[in-house]
Amino acid sequence: MEFLYEILKKGGVSGDESQFSAFILDYVLQRRNQWKVVPEVYYGEGFHDNIVLKFGRPRTAVFAHMDTIGFTARYENQLVPVGGPDVNDGDILVGEDELGPIECSVKIVDGNVFHDFKRSIVRGTNLSYKQEINLDDEFIQAAYLDNRLGVYNALQLCEDLEDGVVVFSTYEEHGGGSMPFLVKFMYEKWQVSQALISDITWVTEGVKHHEGVAISLRDKYIPRKKFVDRIVGLAQSSGVPFQLEVEGAGGSDGREIQMSPYMIDWCFIGAAEDNVHTPYEKVSLKDLASMIELYKYLMVHL
Amino acid sequence: MEFLYEILKKGGVSGDESQFSAFILDYVLQRRNQWKVVPEVYYGEGFHDNIVLKFGRPRTAVFAHMDTIGFTARYENQLVPVGGPDVNDGDILVGEDELGPIECSVKIVDGNVFHDFKRSIVRGTNLSYKQEINLDDEFIQAAYLDNRLGVYNALQLCEDLEDGVVVFSTYEEHGGGSMPFLVKFMYEKWQVSQALISDITWVTEGVKHHEGVAISLRDKYIPRKKFVDRIVGLAQSSGVPFQLEVEGAGGSDGREIQMSPYMIDWCFIGAAEDNVHTPYEKVSLKDLASMIELYKYLMVHL
Amino acid sequence: MEFLYEILKKGGVSGDESQFSAFILDYVLQRRNQWKVVPEVYYGEGFHDNIVLKFGRPRTAVFAHMDTIGFTARYENQLVPVGGPDVNDGDILVGEDELGPIECSVKIVDGNVFHDFKRSIVRGTNLSYKQEINLDDEFIQAAYLDNRLGVYNALQLCEDLEDGVVVFSTYEEHGGGSMPFLVKFMYEKWQVSQALISDITWVTEGVKHHEGVAISLRDKYIPRKKFVDRIVGLAQSSGVPFQLEVEGAGGSDGREIQMSPYMIDWCFIGAAEDNVHTPYEKVSLKDLASMIELYKYLMVHL
């Protein structure tokens, strides 16, 4: 849990993931020697801020995005959203520009977002929610559970993964654009044709806290039924608690796998949260545990 | 016409085309020995549920999508649309889940779609319009004319096609995503740089029943003028009745050809229908005949 | 300036760029022998109407789109927009169909666009704003400054460019679709991983006439912060006047670089205009001069 706290404290607005990426890379390079299988690690300028780990003989890839929602400073105290923050008047934002660290509040006027910082902020500076983590026996509540928990899940998986690819991607929250490269790289190198999206979804009337990890049968995009049926069958065999989700909206890195010129099946699997894209996203610890367990099972049996 | 009835009776909601695809494949594998040229047939897991036929030395490819619009069962009797069904209260839907066959009616409440089936339907189950075919001397009326007629046209074309590629694709009605693979496969293998989209369009104030197949000069996307001008010139020489269509909205598999990293010209050519995406789509038999004739002419002369 | 007048007088609605492309190609082929470095020129049917110039050992590519906004003639005097023209009642449009040259006015009825030409116009014919150029000491005002000025900038750059790729692209104003090919071509051939978008942006409360070329830190899409920070650093060293732009909407050829399966950094750099997508777009001559200067500096130092 200590490590989870650490990654929750780090920012990484879409397009500006380099610090967070360097942190994850550092962790991986130090930690991988204790893992059951030592993966090959792909990173560096040719990967921009993405990281790819390759274990054994991969059949399935896991994608976890590293970026978060946030804001870009514009002119006259205006803020332009990055991703779709569900921001409220008074939410506290933090960031840093050449003149020093920034902490300010959000003002919403006629649907437009402003900051109240005492000086103007250098154009193009990214701000994001101030982190405040609350943990009790049942829940974790914090900003950026989407997708720090997905990253956490992927790294837990690495502990005893034998065969598979684990990808830490950028830009998911805002327009995408690193997935086409990552999918091409992974498919052309290892012909991996199955993908799981390690990300966080929504609590709804059909997906509830404490009832297990959600397997998404569709969102705005529709994975191949043949593949999700197979996943559901395996989940049933696994004994891990899970719920089936059906949505008409929302998307994930799965979209870019679907749109890629490779025949790769994909499925989104993740715990559900309340208060999506606010500073107080909330996830059941049981659901997080189920998520980790189900990924471990699927990476062996898929 | 018997064969057309047969394919109209089969479902195949986007993402769930495997049964329909198996049926078409079976037909192709049995029938191809009577065709003028016996094509190479590409299919199987590496193609998901898509099918590619290659005849002779291809210069032009024909794309016909196999999927239909429909609905996915969600929670609490809710239905999430697949594609853009133009559904009305009382329309009858059919499908099947683990508990057995389903037939139910649509209820629309505040713009949301519900079913009235006597039990809950397993999450993720696909439903689609109950088929009812009406044929007279002038018209065929049925669900799924879009795009069972496009598939029918493509298969009629196969009877005496000498050079060309014929592709049966998935996912057209909902987000797309198999075309990037198909275009890459076809272009890299045979450098085919011309494509026709065998699909059904709309009756409007400018495109009317019985006046011939429609050649679309644009929809939401704009094919290269040089290419559509050439098609129109050939259509004039052919003597086949045709109409010119100009739309600002709507799309087809042509979109993904346009967006592909290959320089492939494309043009949508298809009969027009009334009552688009309802259970009673209606197409003029004369226009369907013109469609088949014009495709046969173009595949020789393009 | 004479050459700029010449290219401003030529049309080239998205999808219909062949004449304008032929003109630019002709200019390049004649002029290139006087340039400091004679580039390799790539064009022809395999490139549709795009043109690629390769100078020396390229590290950075410049993209300038050749197409303009406009309209397609539909039925019953209706016009369908190409791109997003900001058209007003009475604006004058020109074009040509098989029956001869066309000059007519726009009528807007209930948000729909009609023409008042004395005869019907052949379906699919493209129309665009009648050109009227006004030049004084401070400003140029005309239709199509977006993106004739971007093309002009790219050609000025060619005069003494040593290393780089210069691309004249099609379809930018309406849906895109030639960039995926161009990016693939350029990256696979020369591994160019930096791109500048030579295009025109908007005057806003933060970007004003006469204050220098605008460097866009983001629009609807977000370039990698690491790269735009580097560009801003170089711009500061250059001594060329520039402004920083931050937008939440709008797009450019940069979008398709972002979405490509290649890890290519990109940044939009261009002068700002008033009256975007009208017949009287207006750009400061100082800003145009800064644009040309900054491109020359960056192509050496990036």
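Chains here go by letter, A, B and C, matching the order in which they are written, and residues are numbered from 1 within each.
Assume a residue touches a chain if its C-beta (ideal position, glycine included) is under 8 Å from a C-beta of that chain, and two chains touch if they have at least 3 such contacts.
These are the chains along with the protein names UniProt gives them: A, B, C = M20/M25/M40 family metallo-hydrolase.
None of the values given here were measured: they were computed from a predicted structure.
The pairing of chain A with chain B is characterised as different-residue: of all residue numbers used at this interface, under half are used by both copies.
Chains compared, chain A against chain C: the Cα-based superposition rotates one onto the other by 120 degrees, nearest 5.
Chain A and chain B have centres, each the mean of its CA atoms, that are 36 Å apart.
Along chain B, residues 260 each make contact with two or more other chains. Those residues of chain A that touch chain B in the shared complex are 204-206, 217-218, 220-226, 228, 244-248, 255, 258-263, 265. Across the complex, chain A meets chain C through its residues 14-16, 18, 45-49, 72-76, 80-82, 123-124, 126, 171, 174-178, 180-181, 183-184, 260.
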